[in-house]
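Structures follow.
Next, two complexes with chain A in common: one pairs it with chain B, the other with chain C.
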Partner chain A sequence: MTHVLGIELRRSAAIGSALILAVVGALALYFAEGIAFTDGWMQLAMSQRLFLALLWPLALAAGAWQGRREHRWKVTELFATTPRPVAQRMRPVILVMAAAVTVAYLVMGLAGGAWLIGTADYLPAPFFAVTAVGVLALVAAVWLGLAIGRLLPWLITAPALAIAGLGLLLTIPGATRPRGWLALVFSPIYEMNMPDAFATVPGRVSAAQAIWLLALAVTGVLLYAAATWRLRVAALLPVLLGAALAITVMPHGKRVVTGAIDPVAKELVCADQEPAVCLSRVHAGLMPEFLPSARQALTVLAALPGGPTRVHEDTTTYVPTRYAPWDPGVALVRLDTGQDTHLADPELALGDAVAGAFTGPPGCEDAPPLGDQLAAAYWLIGTEPPADGNGAERDRAVDVWHRLKALPGSEAQAKVVALRAAALKCTPGTALFGDAS
Partner chain B sequence: MRTVTAAETAPRTYPWAVHADGLQVRAGRHMAVDGLDLALNVGVHGLLGPNGAGKTTLMRALATVLKPAGGQLSLLGEQVGGRADLRKVRRGLGYLPQQFGFYPRFTVREFVEYMAWLKEMPKTAVAGATQRAIERVGLADKADARMKTLSGGMLRRAGIAQAVVNDPEVLLLDEPTVGLDPEQRLDFRELLRDLGADSCVLVSTHLVEDVVAACGDVVMMNQGRVLFQGTPADLIAQGGDGDAGDSPAERGYSALLRRHRAVNP
Partner chain C sequence: MRWLTLYLRSRRAPIAIPAAVTGMVLMWSLWAGFSDTRTVAVQTVVTTVLLLVVVLTATLGSPDDALEATAAISWPVRRLLHLLAGFLLVVVLLLLTTGTNAEFGPAGLIVRDAAGLLGLTALGAAVAGPARAWFLPLGWTLAAILFPRAEPLAGRILTWQSQAPDSVAAAVVAGVLAAAGLVAYVAGGPARSAPAEMAQA
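The block that comes next holds the complex of A and B.
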């Protein structure tokens, strides 16, 4: 067996399939739509799952290609005269093809991980569950492909299966609407796009998906190794049972994954010996690059009477709406990661942190315009707000800052203090120069 | 050197390696083998007959590819047909089909090893048996070449190597000399005599000369039945100067066929 395993590893479609999947997967992670996993490991695991949209159909096709081998090379007659049962004959191919897609998926993960290794520290347990479900999805696809390739041993089977697989993944969400949780059972890519910094996949979702995919994999392998039609019909039993069980286990709600938040990722982690500066756990690796701006912001804010004395990351999420803890003594600052996984705009961090003093309480619909917040912040800092060219609010900030600068110092100071006071109370129509338009 | 298993040294309990009695086998809808009686034991048996005589269908039935539609067939003492468990019989079979399928990406050694595994040979015996089988057919210098790089004659020999790797008690070779050049055919006859020393070898061919040169026994078929079984000398004795053919054996062959056709139009 081990010897034959070696032969099959070298001579089957395993190595070629692994190479194709790993390369397509890694390229998709980096180039399909920009790098969507710059926040951390969970986002990487979810992005990998999203790109199963490509890999899942490819794995089906790879299995089908391998599955028609006996028919293609006309060895069925010769092999039919040998004593080894069909199920045993298929075992090495079953194992090497599963190993191939598993390795490919893990290599894709490593390729993504190489990008994250410098900045991402937080590795939550669901990361492993989400990855395991991804592996299981590919194993199920390649085994199902083997079975279909053996039953329909035509040249067209593999490409047709790839197209059908892609079509299936794309139609599942529409076909199951409005029961999104059904799509979540049957599609490993559903709700995996654009994961938020605090995104997670609930354990029950992964469990239900694992049940379904495991059942699909078992059916695939039984179909492939079945020698008679009676066994082939019996092979459909696991997939039916698996579907029923998975539907039962899956939480029957809306946006079960999109609306899931990892509270641990959201927890604040403060800088060593500097409890005044805290970032969410998922962004804690960015502390060294954020800390100098935060310290400087605190120095600047010390000049604002009753100003904030701490700088925290704003961990507000909107699906569902969960505001960051509010405290007038805290300047909240949103933190985004750039394509390089580092702070998206490090040169803006100081201004954004100081502007956190003028944002108002959570849910405040009447907070001062962002342009005024920034103008006040940069007036405190003492430099002109950087205009990034395409932001109307930032243009407004420059404009307002010049008007503020033209005023005598004490008058400007009074306006800034008033802006802060109004922001804290969420007073409607608040602006530095009367007009909030 | 190899270990001889207890099963191999155990006395044989069956009178014939191959025994067919009124055997009927279908090829599609046509009853290609119809009422065939045949008993074979150790030695090289040449299977002759015109196209459509049922040679390949008989070979496929003996190889357990086709199930008998009627009559009796026993291989190595085991009844074949119905719900019989063929696993034990198949361990003792070697088969080279007329259309020898193979995996072109495999090397010769890998393919023969793979076949040895399918034939459920003991793990420890596979490597040695493979090397020996490849040497026996004269492919030792091509052992690690991919199957797709082999010429037609080499492929035939690789096919024979896989058939003999398990030292089969019944060896079935369907048209094994197709694609062999004259020198290779001489080597092949030598190999056949060697193989026939301790197993029952049935060789289907159109080449009467091969049969006369390498077989101790000639079986001639027509219309799904055996019309003659005897030594090459018996075959030669059937023919006369008036019969078609360039050699005594060919004249014997055409004489037998002519007489059979006269009786069964």
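The block that comes next holds the complex of A and C.
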């Protein structure tokens, strides 16, 4: 059998297909929309699934191109005269094409993983489920392609099938609206875009998608190996059963995936021998680069009477709204990863951590303006706020900081302490200078 | 006239032209049936151009290229006319929808993409043979439809198919591809393949 598979590997389109899929997938991960998986492994798995939008149609085309082979070389009748059963004759190509797309998808994952290997530690179980569903999607596509390529052995079948596959993926969300969960069953790319740092895919979603794709794959194989029309019609049975089963397994809710949060990824992991500095588990790999800024922030904050004595990552998520645990003794700081998977703005980390002392409690809509928070923070630090951040609030910070600096030391200190007190109580209209705008 | 009939039959035009029309009607009716707006989305327009070009790719080869090469006929002129006719077919089919419930446009984009993609597929036919010529236009265009980038310049060049019709970079890329495909295919003809491979494609 190994010998046969080796021959089939060389004779079929498997190696070419695997190369094309792996290269296209890896390029898409890095260049299609910027690098969206800098937070960790789960984000990589979900990004890979998103780029199935490109790979899934191509796998369909690869299968259809391969499925046309016997027709292309005009050996259909010749082979039909051999006494071996059709299924036995088809087995090598079925296995080889499935292996090709599987390897391609995994190589694409490795190409993305190379970018993450230095910073991401947290590897949750759903990562494997999401990847497995991605592999299954490609296998189903290539087997379905084989079947359609054999049934309709024309030159335009493969490219037309790819276009139809893309069209299908793009129309599923619109066609199933407002029942988003239905799109989640049939489209492996749905709700996989721009995963949040704490994103996850619930196990039941992956299970339902796996059921559907498995049924589709089985139908593809049966269609491909079927010799009579009666068997071909019977081959449609698994896909119908699979659809029904997958629909029952899928949770019937709204935003099942975009609203899912991984509580373990959110858990705080504190620095060794330094329980005052904690990051979420998903960002724990950034601790070495964050720790110096956090330590410095704690030193600065010690000068603020009743100031925070701990620095924690702000793990608030907004879909759905879940605030980070709040404590007046904790300065919360949001952490973003840049395109290089490291801290997005390491030079701003100190100021942002100190400014965490001036944010209000969770859900406070009357917190001091960000510009005032930063101005107070940098007054404590003793340097001018960098104005190169994101626009108006950073500019305001520079302006307010200069006014604060112009005041006598004790007066400025009183203003900063008052700002903190007002922030903790979430007093409306709080600002360092009443007229500042 | 008899020569033309035989030529068209040898290029599988009796299948390809109805297939192109069917593809166009299908895309038109999908948009007209399921969308509320008359103006067809750019992605759908580009997809339709791609579909028609891919269908026409099948007409770029003959059952036996080696045999044809021996004939005392001026093939380059005929190949040039073949490509121009294919280009006109794509453009006219899409522009026929003007004024209907699903308007494929703008014309500048259709002309640019049809010329560029047809050039690319003709180039592929000249280099790798008509059976494999669709690989690059398909893969490239699917990527450009899904992930168009208007910035920076490299993005406009790499996703030229889905840029706005006034994009100079996209027009230049399409023009270069069209010219390269035209020259390569008209001068050299399709890459020779085993007669069996093309016979019943």
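Descriptive notes on the structure:
Here, the second predicted complex is superposed on the first by the 432 of 437 C-alpha atoms of A that agree within 3 Å, B and C clash if a C-alpha of one lies under 4 Å from a C-alpha of the other, contacts with A are read in each partner's own complex, and residues count from 1 in each chain.
Operating definition for what follows: contacts are C-beta pairs under 8 Å (C-beta built on N, C-alpha and C of every residue); 3 or more make two chains touch, one makes a residue touch a chain.
The model shown is predicted, which means the values in this text are computed figures rather than measured ones.
Three-chain overlay on chain A, with chain B and chain C fitting side by side and no clash. Touch criterion met: A:Arg11 reaches chain B, while chain C stays clear of it. Between chain B and chain C, the partner in contact with more residues of chain A is C.
Once the two complexes are overlaid on the shared chain, A:Tyr30 sits clear of chain B and of chain C alike. Of the two partner chains placed by superposition, chain B and chain C are both touched by A:Trp73. Contacts of A:Phe433 after superposition on the shared chain: neither chain B nor chain C is touched. In the superposed pair of complexes, A:His3 makes contact with chain B only, with no contact to chain C. Once chain A of one complex is fitted onto chain A of the other, the partner contacts of A:Ile20 are limited to chain C, with no touch recorded for chain B.
Minimum C-alpha separation, chain B to chain C, in the superposed model: 7 Å. Applying the stated touch rule to the two superposed structures, the overlap between the chain B and chain C interfaces on chain A comprises residues 73-74. Chain C meets chain A in the complex at residues 16, 19, 23, 30, 34, 43, 47, 50-51, 54-55, 57-58, 130-131, 134-135, 138-139, 142-143, 145-147, 196-197, 199-201.
Touching chain C in their complex are the following residues of chain A: 20, 24, 28, 32-33, 53-54, 57-58, 61, 71-74, 153-156, 158-160, 162-163, 166-167, 170-171, 174-175. Of all the residues in chain A, the ones that touch chain B in their complex are 1, 3-4, 7, 10-11, 69, 73-85, 89. Here chain B touches chain A in the complex through residues 60, 63-65, 86-91, 93, 95, 97, 99-106, 110, 113-115, 117-120, 123, 126, 162, going by the rule given at the top.
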